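Below you'll find the structure I mean.
Letters A, B, C and D name the chains as they come in the text, with residue numbers starting at 1 for each one.
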């Protein structure tokens, strides 16, 4: 029930606030014998780092993950892996001016109501900074999955009404990943990248923010990942994604589009082949049936709302209920579009769900 | 980790196959002292019963829930509540003809791969019949929530491209519920009801099936339900909905639409009022911020794919990998649109998530 | 957190009261492909059945377990296994005379305080009848362990101050089991059996009851069962045993006696041999080190208090706090020594813990 | 299932090895609004610190807990509380000489078999150092319980055959605690303290070690803590204590002694009084009935084996299975009697179990 833990067998527990000493994650249940280094974790962290480009917040966090336990002579030992990322740039004095103001679209109001405390500084646990811990844990999960030849990617599939279409590439993961990494905003289409960047610059100029969607894809999955009824692969994926800050929707396979299709079109026909009974002519299902992986690629999308912290003045209230005009303090840093930085986080969450499903599946048969 | 259990404190465990003796649910963690009768549970069950009308499967299940434990003198005792629904109409002989055929779009292939067993009869655990247990448990959850003045509804919001728009009614739950119950397909708009029914009849005639979406709404929620980080209200709701058979997408508040909005439009401004600090001018967030209820109505949608079992012949394989034309046996019964019967199930899942969140919230503060 | 569930991967949920329609257990997480029949479960149930002999309560329950789900063509399917035992002999009218009396040494007072309800009939969930469900689930666990060549036994090791010494036999399980089954009270020593029976008859005559201890032993365990830190094998065993009605103490290996030994005597020296590195000259540790199985036999003991329900009149209070003399109703049935009937239950709990540990261990290494 | 986590609502996760950078604990589920300081945690840690006196290992750890998250302006915020204790004195070079030797009575053999790794240095996760994290988390739990007027103590009740009898003092906790703190070995009887110290010095001189027992006691408990069936208060306490390094037995109330009593003597009679229906003439049950607190003091005992690491040479094997004489490296530090340092740890585990039970009980009734 621990609300800061995620996963059944491969389980992470995250802690830390954006304005505290550090943030961290404890990974429990990773099998012994997996090679993993701090460097591999930091490569992943660097992808979501603020300051990477001008489309994400310019906060210079110098994020560096340090492994504190669970590794001996370069390999996991079966003991919990503790990873800590120290906070370097957490000056909270600038928040003085909004000390008593409710922030529209922000969780500080709900935290106040729930816990009776008002942390006026950064978002506390609700800060997107917490997702750095997910990326660190995801790096370990990815290394485990790599051992089983499972590969994955996530990318920016739209910002506002500008969409990147990548359906044809869905099975050529290596080339897709190159396209993603070539884009400063994780968008595998160069032309769309340019259009989105322009859109974001306009929004930033206007003191406003934009929403977007992130797509995810995994290939090489064995059959049988996911457990009916309440640990279905898509159910756990969905929970993983909807636990991200600012996420508002999730879909697997055709998603909402499936509600507009007919059965004869949506059913993926099996096709005969030489090898095992796996291929299907299409993959509308997105790689799962009845909550269990089919062996076809797993894919879906997550929608993110526009960043709630915007420069434009907004109507709000103070803690006594009196109307105020809410203005972000000078110099406060916020991504104009959180969906960009969400890309490596979505990828990490997918890896965490798959690593757990893989270990859970070990007990499925005699 | 039990994959047939759902919930943390208010927790249900379901069991049973569509072609076995019975199906059932054990509810653990319901507080003592709640009045609940078999009748109240059966009223809910009747809503999702097959044979209710011609748009859902004509299987006559005479479903009747019996309470086997946990109630003494009409009230819950704090002990587990065991509810059993006997199966009456589970003739599996008709499935002989497809004994060795993979069913397109169906979980029997993935179950075979995962468990090494092929249950050619009905869907086993993957059968929609399992959802009757969720409705029974949901009836208890609803009774608990009623005690705290929380109300909710779910309805058919679209089938294929025909949509019912109900945004204006979102806060008048009582009148909305009347409209829903007046429709044979749980659609609160009479004209749309007629159009959808026509569409379903055409699909049925053609031996095909249709997808659809279900909307859910709860009002009267206190502040503070939902726990950051991984037990966010929307994360648990999402998992609940994505654990349903045939569901492919979930959204809360504006959902995917939020990804096309700007922050200045999406943020819900606080408005001053006489009472507690709760009202907002809009509710794009759908009742949650940072995973915690805001006091505004909770709403969202779930998308269901078209029923995979259709009368039209389909390409498939037999268990040896040889091509076959798959034909459903004569007389097998399947809803042409599963989204209809999903309506009371979505409502039940929402109640289960909220009941659990309510009890979890009791430990939030000193 | 479900308080009526036990186990992580191999997990059971029990329900039902002694005076309701039935009691039952749902087993989740049993691997698919295990052969198991109702008959095998009923053989185990018969061992703990009341009325087996005159030293346990004469209530004639005609207990018979029925499997309601999770088995197809004689094998487990991976779906939850629901087992139900109907109650046949649950006349609660005889309890009228003590309707308002607190029973000394009984849980009806604590249930009243916790839940605000007073179930004056049998013990409700606190009744030893609940343990029949553990035995039924244990039968499935035992079958699973048999597949891995793990064997076990439990026996009555003492009643009051009469002890049965069986240390020499600890590795010859087959002969030990024959001795246990030859005794009407599960005591592997014929002479001690006679002395205990005499002691029990005297206590029964006097309207009083006796305490006792039960020993458990498992052989054939692989290395590696049990997970540090909080899922240690002995920690989970201990919880399993201390969850039994009337149990008051647990020990593994030398137990309390270890506190009187010196390190040089307690440490079990390794001895060289031809095969794998497993044997030790002694086994004071009882088969575990650091919470993990050593490959040596697992053994320990559980202590049970004397039955609280005795015929002798006792000082007590009524629900209003006035002094009363508490007398059990005529014809109420209670074992004079609960430790006897606890023997198959202790064996079942050991099997459940080991089955779970076995499945959990599958994820320990890459 | 996370094996390094303990608790349901009030839940801790520990990490770190004795020879790594640091050890730590993350506490999840502590209610918001509790005042707690680093100082209060360090006061508890100081009690179990090595080097406190000559009867515990002389390793100078300068243990100091630092709070990294979850506290804002001196109070808990509802967010996870991360506490880190850096390791200062973890020179592992001295272990070179036993790099390939199995240590008798030590977990390095079972860890090797389970995880395929041999950490020849200190005990890794099996080290008693891990218990410092439990004490740190226990300090927070104790502060929470203090808020509800629950008090507790633990003390050294025996070493080898020398026992401290404290039954009369069981309800006067304040004076008992003074006696405990006056003793360098947490033994509330001055004469017994002297005798035990002498015994330990003799064992140390001989290069050997001693076992012992620790008693625990809590007063001021409300009715209703503990949940039937598998979250019984004594079951969770038992698991907590049996998860400690070197513990081999647990008892609640009369414990094993109860197995030698008759029902008429063991049942605690209710006695009439002016206030609520709570008092009993005796407390053989140890404060629980049916797994639920009775309002009477909670008490029991835990047995610890003699330290496995002793100076005397011992027969063993090397990693290739050849006989060796095992000798601890010069200068390695080990308590001659682990039971002494276990005293504050037992107290911490009791507090953690009670804090969790208290929060779980909030959902018991409407």
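Rule of thumb we're sticking to: a residue touches a chain if its C-beta (ideal position, glycine included) is under 8 Å from a C-beta of that chain, and two chains touch if they have at least 3 such contacts.
Bear in mind the structure is a predicted one, so any value in this text is a computation, not a measurement.
Colleague: In contact with chain A and with chain C at once: which chains are those? Just list them.
Modeller: Expected: B, D.
Colleague: Count the C-beta contact pairs for C-D and for B-D, then tell me which is higher.
Modeller: The greater number of contacts lies at C-D.
Colleague: Quick check for the class: compute each chain's Cα centroid; which one is farthest from the centroid of chain D?
Modeller: The chain farthest from chain D, judged by C-alpha centres, is B.
Colleague: How would the chain A/chain B interface be labelled, same or different, where same requires over half of its residue numbers to be shared?
Modeller: At the contact between chain A and chain B, which are copies of one sequence, the residues are largely the same (over half shared).
Colleague: How many angstrom lie between the CA centroids of chain A and chain D, rounded to a whole number?
Modeller: For chain A versus chain D, the centre distance works out to 39 Å.
Colleague: What whole-Å value do you get for the distance between chain C and chain D if each is reduced to the mean of its CA atoms?
Modeller: 26
Colleague: Roughly how far is chain B from chain D, centre to centre by C-alpha average, rounded to an integer in Å?
Modeller: The separation of the two C-alpha centroids amounts to 46 Å.
Colleague: Please set out, as single numbers or ranges, the residues of chain A touching at least two other chains.
Modeller: In chain A, the residues touching two or more other chains are 1, 3-5, 8-9, 14, 29, 32-33, 78-79, 111, 114-116, 125, 228, 364-365.
Colleague: Report the residues of chain C in contact with chain B in the complex, numbered from low to high.
Modeller: Residue list for chain C touching chain B: 1-5, 7-9, 11, 13-17, 20-24, 26, 28-29, 32-33, 66, 68-70, 72, 75, 77-82, 84, 111, 114-117, 119, 124-125.
Colleague: List the residues on chain C that touch chain A in their complex, please.
Modeller: Chain C reaches chain A through residues 1, 9-10, 29, 31-34, 78-79, 144, 147, 228, 359-360, 362-366.
Colleague: Considering the complex alone, what residue numbers of chain B touch chain A?
Modeller: Residues 1, 3-6, 8-9, 14, 102, 104-107, 109-111, 113-116, 123, 125-126, 130, 158-161, 203, 208-213, 223-224, 227-232, 234-243, 245, 247-256, 258-273, 277, 281, 284-286, 288-295, 303-310, 312, 314-317, 321-323, 339, 360-361, 364-365.
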